[in-house]
Amino acid sequence: MNIESLQNSFFKIRSNRAFEFFVVGVILFSALVIGAKTYDIPEHVLTIIAWMDRAITAFFLIEITIRFIGEPNKKTFFKNPWNIFDTLIVVVSLIPIQDSEMALIGRLIRIFRVLRMVSIVPELRLLLNSLIKALPQLGYVILLMFIIFYIYAAIGASFFVHINEDLWGDIAIAMLTLFRVMTFEDWTDVMYETMAVYPLSWLYYLTFIFLTTFAFLNMVIGIVVNVMENEHAEEAKEKALAEGQLTIEDLSKQIDELKQMIKDKA
Amino acid sequence: MNIESLQNSFFKIRSNRAFEFFVVGVILFSALVIGAKTYDIPEHVLTIIAWMDRAITAFFLIEITIRFIGEPNKKTFFKNPWNIFDTLIVVVSLIPIQDSEMALIGRLIRIFRVLRMVSIVPELRLLLNSLIKALPQLGYVILLMFIIFYIYAAIGASFFVHINEDLWGDIAIAMLTLFRVMTFEDWTDVMYETMAVYPLSWLYYLTFIFLTTFAFLNMVIGIVVNVMENEHAEEAKEKALAEGQLTIEDLSKQIDELKQMIKDKA
Amino acid sequence: MNIESLQNSFFKIRSNRAFEFFVVGVILFSALVIGAKTYDIPEHVLTIIAWMDRAITAFFLIEITIRFIGEPNKKTFFKNPWNIFDTLIVVVSLIPIQDSEMALIGRLIRIFRVLRMVSIVPELRLLLNSLIKALPQLGYVILLMFIIFYIYAAIGASFFVHINEDLWGDIAIAMLTLFRVMTFEDWTDVMYETMAVYPLSWLYYLTFIFLTTFAFLNMVIGIVVNVMENEHAEEAKEKALAEGQLTIEDLSKQIDELKQMIKDKA
Amino acid sequence: MNIESLQNSFFKIRSNRAFEFFVVGVILFSALVIGAKTYDIPEHVLTIIAWMDRAITAFFLIEITIRFIGEPNKKTFFKNPWNIFDTLIVVVSLIPIQDSEMALIGRLIRIFRVLRMVSIVPELRLLLNSLIKALPQLGYVILLMFIIFYIYAAIGASFFVHINEDLWGDIAIAMLTLFRVMTFEDWTDVMYETMAVYPLSWLYYLTFIFLTTFAFLNMVIGIVVNVMENEHAEEAKEKALAEGQLTIEDLSKQIDELKQMIKDKA
C-alpha cells in the first residue's frame, strides 16, 4: 500500500509541468557549466564548477529515480530507448574518475548530458525519431555510394600512391581524400598533382564527382518524394474521415435502392 | 473641420501613385549617395553629399509626417511594424552626431534607410513577411541543430584546445570553427591538424558533417512540403468555390429526395 | 511569278531535314575551328583555318538569305528574336577587321556562332525559352537579394575599408567580396581578418550567410512550386478532357431531370 | 538427357539463396583483398594474397559457368548486359599479365570485380537502372550546359591565355578551369588574376556562375518533377484499381437506366 501510494505521488511529480521545466532548466544549466569550463577561469571558480557538477549529477540521479519509481509498469521503463540512454548517462557519470585517460571520457559523458534535452522535450524527440526513421529507406543508396567510393579509392590508392602518400597512402586514406573531393574542398590541388603524372586523371575526378553528385541528388529526391507521399496519404485519410467516408460507391448503392423501389412499385 | 480637411488632403497625397514613385526615387537616390560615399571623392563633392544627406533626412521627416497626419485612425499607425521602423529610422537620423564613435552608428542608420524600400514596395513587404512567417515553423529543427553544434563544440574545445587555440580556444570559437566546417571552407586543414594528434578524429568531422547536412536537408524539405501544402489547400478551396461547393454529399441528398418523392407517390 | 516560285523552292530547302542537319554540321564544324584556334598550331594550318572561317561566314550568309527568301511573310521574319540574333551574328562577322582591338570583338562574334546551335535545334530553343520565362517571376526575390547585398556592402565598405582595401575598397568591390562569401570561397579568411579589428564582426558574416541562403532557398522553392503547379494544371486539364468533362454537376442535372419526370408522371 | 538434367541441377544451384549469399561473400572478400593490397604488407602475406586472387578468379569462372549452363535459354543469357559485364570481368582477369604496363590494367579489372556486387544484389541493380534511365531525359539540359561551357571556354582561352597558361592554355584546359569555377573551388583566385588585366572580367565569371547554377537547378527540378509525376501516376492507377474503376461515368449510366425504367413504366 505504502509503495503504491509512493508510486502514485512520484507519478504525479513526473507528470508535473513545473517539474519538467525545472529539469529542462537543470539541463540548460549543466550545458552552460560545460561551456564555461572551456574558458580560462580562475582556480576558485573551477572548484565552484566542480561542486555544481556534483550537484547536477545528484539531481539527475534523483530525477531518474523519481521517473523509475513513478512508472506504473516497471518493465516498460527500459523498453523506451530514451530511458536507457538517460539511465546510462547518469550511471556512468557516477563512476569516480582519477587517472587522466579516463577523465576525458568522463568529460565526454558530461557533454552528452546536453542530449538529455532531446529526451525531455517531446517535439525534439519526435523530430529525431523521424530523422532516424528516414535513414534505413536510404540504405541501398548509401551502399551504392560506398561501393563507388571503394572502387575509386582502390583505383586511387593503386595508381596515385607514389605521387602523394598523405592523400593516397592506403584505401582508407584514399576514401577520406575522395570525401574531400566530393565536398569540393581544394579538390583541384589534388587533381593538378596527379595530372602532372597522369595527364588524363581529370577523367577520374570528373566521373567521380558526377557519380556521387548524381547519387546524392537521388537520395535527396528520394527523401522528398517519401515525405510528400506520407503527407498526401495522411491528408487523404483526414479528408475521407471529414467527409464521413461518403464515396461514389455509396451513391451507386443509393441509386440501386431507388431502382429496387421503382421495381417493387411496378 | 480644418484638421479633418488637412487629414483628407494628406491622405490623398499618401495614396497618390506619383507620390509613391517619388518616395521610391528619393530612397534610391539616398542609396546612391551612400554608395558614392564609399569611393574616394574630392572634398567639395563631400560637402555637396553632406547637404544632400540633410535634404533626404528632411524629406523623409516631411514624408513620415504626411503619412501620420494622413492616417484616419492615429492608433493603427503605430500598430504597423513598418511604420514604427520608418519613424525610428527618421527620428534617429535627426539626432546630431559629433564624436567619431557615434558617427559610425549614424552612418549605419543612413544605410538602413535603403530598407525603407521594402517598407514602401508592397510586393517586397509581402515577400519578407512570408520569409519571416516561415521561420518559427523551423524552430525545433534550428534548436536541434544548435544542440548538435553545442555538443560538438564542447567536445572540440575540450580535446583540441591544445592543438590550435585559434580554432578551439573556447566553446564560442569552436562553434564558429564548426560552422566553417559545415560550409566546407578549408575543413580538411582543420581535420588534418587534429588527425596528427588524434588519428581517429576524422570520425568527429564526418559524423558532424553527416548530422548537420541531414538536419539542414530536413529543414529545406520541411519548407518545401509546407509551402506546397499551403498552395494545394488554397487551390482546393478555390476549386470548391468555383464548383459552387457541389459535393458527393449534395448528390446523396438529391437522391434521398427522389426516394421520398417515390415513397410519397406510392 | 518568278520570285514566288523562288520563294517556294527556298521554303522547301529551308524545311528540308537534310538541310537542317547540314547547317547543324557546319555550326559544329565552326565550333571545332574556334576550339582548334586556342591550341598552338603551325602557321600554314592557321592560313587554312582562316580560309575555313571565311567559308563558314559565306555559308552562313547564304543560309540566312535562303531562310529570308524562303519566308512566305517577310514581316514575321524579323519578329522572331532568333532570326534577328542569327542575322546580327552573320552581318557583324562580315565586317572586315584590321586593328587588334576590334580583332578581339571579331573573335567574340565568331564564338557566339556556336549559340546558333540553340537557334537551330528546336528542343534547345524550347529549353532556353522556358529558362528565360522563369526569370521575371523571380524578379522580386532578386531585388530583395540585391537590397541585402547593397546594405551589407555599404556597411562593409564603411567599416572594413581600413582593414583591407582590396576587399572593401568601395561598394562595388564589397559586393563582389560578399558574393565570394556567399559561395563560401575562403570566406573565413575574410572574416578572421576583420575579426582581428572588430571581434564581433562574425555576426556580420553569419547574418549575411543566413539571409542570402534563406532568400536563395526561397527562390529555388518558388521555381519548384511554380513548375509543379503548371504541371498539375496541365494534368488536370488533360484528365478533364479525357473524362469528357463529366462532373458532379452533370450528375446533379441528371437527377433533377429524374425528379421532373416523376413529378410529370404524378 | 544428360545435359538437360545437368542444366536443371545447375539452374537449381543458381536460384539457391545460399549460393547467392556465398557469391556475395566472395565478392566482399575480393573487395577486402583489393583493399589490403593498398597497405604496406610483408612479402609472405603478398604471396598468400596472390594465391587468394587466383582462387577468387577460379571461383568466379566456375560461378559464371554454372550460371551459363543453368540458363534454360542460352540466347537470352547474353542479352542481359549484367551477364556480359560479369563474363567480361572474369575472362579478362584470366589473361596472364607479365609486363608492368598491363599489370595496372590487370589491377583495374580486379577492382571492377567489386561492381559485381551491383550485378548480384537485385535492389542495387534496380537502383542503378533507374539512375541510368533518368540520364537521357536530361540530355538536352546537359547539351545546353556543354554549349555554355564551350562558349565561355573559347572566350577564356582567347582572352586570358597570356595571363595564365596553366588555366587558359587551350579550350580543354579552359573547360576544366570553368568546371573548377562552377564548384566554387578557389574561383576568386582565378578571377582576381584576370581582373588585374581586364578589370571588367568579373562579369565573365558572374554570368557564367549564374547561367550554370540556373541550368543545374533546372536539371534537378526536372528530375524531381519527373519522379513525382511517375509516382502520382502509379498511385492514381492503384487507387482506380482498388475502387473497382467506379467513376462518375458509371453513376451517370445508372441514373440513365433509372430514367429508362420510369419511362418504360409510364
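By letter and in written order, the chains are A, B, C and D; residue numbering begins at 1 in each of them.
Here, a contact is a pair of C-beta atoms (placed from the backbone, for glycine too) under 8 Å apart; a residue touches a chain by one contact, two chains touch by 3 or more.
This structure is a prediction, so every number in the text was calculated from the model and none was measured.
Engineer: List the interface residue numbers of subunit A and of subunit B, divide the shared ones by all numbers used, and answer same when the ratio is over half, different when under half.
Structural biologist: Subunit A vs subunit B: different; shared/all numbers falls short of half.
Engineer: Measuring between mean CA coordinates, which chain is farthest from subunit A?
Structural biologist: The most remote chain is C.
Engineer: Mind checking the centre-to-centre distance between subunit A and subunit C? Centres are C-alpha means, answer in whole Å.
Structural biologist: Spacing between the chain centres: roughly 41 Å.
Engineer: Quick one: subunit B and subunit C, Cα centre-to-centre, how many Å?
Structural biologist: Inter-chain centre distance comes to 29 Å.
Engineer: Please list all residues of subunit B that touch 2 or more other chains.
Structural biologist: Counting only residues that touch two or more other chains, subunit B contributes 184-186, 224, 228, 247-248, 251, 255, 258, 262.
Engineer: Under the touch definition given earlier, write down the residues of subunit C that touch subunit D in their complex.
Structural biologist: Residues 31, 34-35, 37-40, 104, 107-108, 111-112, 114-115, 117-118, 123-124, 127-128, 130-131, 134, 176, 179-180, 183-186, 220, 223-224, 227-228, 231, 235, 243-244, 246-248, 250-251, 254-255, 257-258, 261-262, 265.
Engineer: Name, in rising order, each residue of subunit C that touches subunit B in their complex.
Structural biologist: Residues in contact with subunit B: 140-141, 143-144, 147, 150-151, 154-155, 157-159, 161, 169-171, 174, 184-188, 202, 206, 209, 214-215, 217-218, 221, 224-225, 228-229, 247-249, 251-252, 255-256, 258-259, 262-263, 266.
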